[in-house]
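What follows is a set of structures to go through.
Heads up, the next two complexes both have subunit A, just with different partners, subunit B and then subunit C.
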Partner chain A sequence: MNCITCIEYIIVGIMIISAILAVEWRDLLAAAVGMAAVSLFASLLFFMLQAPDVAMTEAAIGAALSAAIFIFAIKRTQRFETEEEEKPGWWVRW
Partner chain B sequence: MLKRALAIITLLIIGYWLAQGLAGVPFGEDRMLVGQYYLDHVKEQTGAVNAVTAVVVNYRGFDTLGEVTVLFIASTGVGALLWRRKKERTAKTEGSIVLTTGTRLLVPFVMLFGAYIFIHGHLTPGGGFPGGATIATAFLLLYMAFIVYEIPHKAFEKVEGAVGMTYVIVGLIGLAIGGYFLYDWIWQDWQWGAENIGRLFSGGFIPVIYTIIGLKVGTELSGIIDNMVKEEVSE
Partner chain C sequence: MISVYYFGAISLILIGLYAVLVKKNVLKMLIGLSIMETGVNLLLVSVGYISGRSAPILSEGIGPNQAVDPIPQALVLTAIVIGVATTAMALSVAMIIYERYGTLNVEEIRRLRG
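And then the complex of A and B:
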């Protein structure tokens, strides 16, 4: 395994971790940051797979603009998910 | 917990199924059918050095028109969903002095770089969509740093509509001259820039189309940001 493959495995690993964290975090602002991190590492991966056009578009749209738009939407709604899972009763959870 | 376990099991089954399907795809092998044609003929047929933008604008120009339409519909949809009779910016705190001064300094550079990206679409990576998104990022920076900043709406909406129309008109001129929509008349008929492939004034109508797309994407994403930031105020 050479160095490039090693770095690619690391990037894919960080991407998977950020994706899991982005859906796990209850703080939606943190989840938006996780989503932006997924975009950033996807952009790096596109660059390493020698697609600079796609990498630039992904960085400009995914990491900057969509994260900003998510944050604006969170600002106008609410920041935290409601804690329904801690409530008693299975009918609430489903 | 049961729901989560069921979801994970379902996802694992779907993932295994997709991996089985992908195992039959010959990655990394030289199996290009139409791709080799693009790589061989891109210079003489379109005058562009960047094969990606040549495919996006020239060979598959109809898809790009569709993408621009999708973006326009998204912008219109956001505008329609968030429409209020009276909308204003309700931010109360100005950005810190470092942020405002840095924005003042940085915005021209960001805009210049965005324009660079979409003008040089036929030579360097990029093109209309990243260039337009970069320009929209400059407007996002202005919105975040200053509490009173607003984009000039009238000018933006007019530019958006005019450049969208220009794209279709360029395609229709191609239809009139060459016989099909988005025919590259600047390159095929005029031979404009045929002797300096790889320089700025070459590439047929790719720089023209990408300037149009860059302006359109920039104004549209700025409009979406504007709609998201402003809130309704009671009269």
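And then the complex of A and C:
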């Protein structure tokens, strides 16, 4: 295993971990940042797969524009996922 | 042994599918859809990769037989643009849902009106 293969394994591992965190976080703003991190590491993988044009497009659209429109949508709606188990009362899970 | 790119791409597709199926918030489902789209793009580019060859840009010492397959890259370049357009339209629909119903939980939206 040479150096390039080690870097590929590290980038894929960080990408999968940030994808799991982006799905599991309750704060939607943090989840949007995690999704942007997934796009950023996918852009690095595109560059290592010898596709520089796809890497530029993914970095511009996936990491910047997509996260920006998610943040605007979160600003218009609510930031946190409502967690009904934490609220008191028997009627909340009706 | 499978390539690490295939493993990463299929893992992203499965994580996005989990988010779309299990999560109840509309924005979290859209985040899962976006992650799934990134995984599909990564899978398509890694199919056309040949180890040891360089980028398909015709220049001084690079001929057509020293470059990777350029056709999946053009395909993915189109798929990225389609994905961000789909995400923008779905986010505007989610904002309209929040203005009309006051919630983003899919179970409550189904409960409010059938």
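The rule is simple: the second predicted complex is superposed on the first by the 84 of 94 C-alpha atoms of A that agree within 3 Å, B and C clash if a C-alpha of one lies under 4 Å from a C-alpha of the other, contacts with A are read in each partner's own complex, and residues count from 1 in each chain.
In this section, contacts are C-beta pairs under 8 Å (C-beta built on N, C-alpha and C of every residue); 3 or more make two chains touch, one makes a residue touch a chain.
Since the structure is predicted, the reported quantities are computational estimates derived from the model, not experimental observations.
When the shared chain is aligned, no partner comes close enough to touch A:C6: not subunit B, not subunit C. Comparing subunit C and subunit B on the residues of subunit A they touch gives the larger count to C. By the touch criterion defined above, A:M15 reaches subunit C but does not reach subunit B.
Looking at the shared chain after the overlay, A:A68 reaches subunit B, while subunit C stays out of its contact range. When the two structures are aligned on the shared chain, A:L45 is found in touch with subunit C, with no touch to subunit B. In the overlay built on the shared chain, the residue A:A32 is in contact with subunit C alone; subunit B does not reach it. The interface of subunit A with subunit B overlaps its interface with subunit C at residues 52-53, 57, 61, 65, 69, 72-73, 76.
Residues 5, 8-9, 12, 15-16, 19-20, 22-23, 28, 31-32, 35, 38-39, 42, 45-46, 49-54, 57-58, 61-62, 65-66, 69-70, 72-74, 76-78, 81-82 of subunit A touch subunit C in their complex. Taken together, the subunit C residues at the contact with subunit A in this complex read 4-5, 7-8, 11-12, 15-16, 18-19, 23-25, 27-28, 30-32, 34-35, 38, 41-42, 45-46, 49, 53-57, 67-68, 73, 76-77, 80-81, 84, 87-88, 91-92, 94-95, 98, 103-105. Listing the residues of subunit B that touch subunit A in their complex gives 3, 50, 52-53, 117, 125-127, 129-130, 133-134, 136-137, 140, 144, 221, 224-225, 228-229, 231. Residue ranges on subunit A touching subunit B, taken from their complex, read 52-53, 55-57, 59-61, 64-65, 68-69, 72-73, 76, 93-94.
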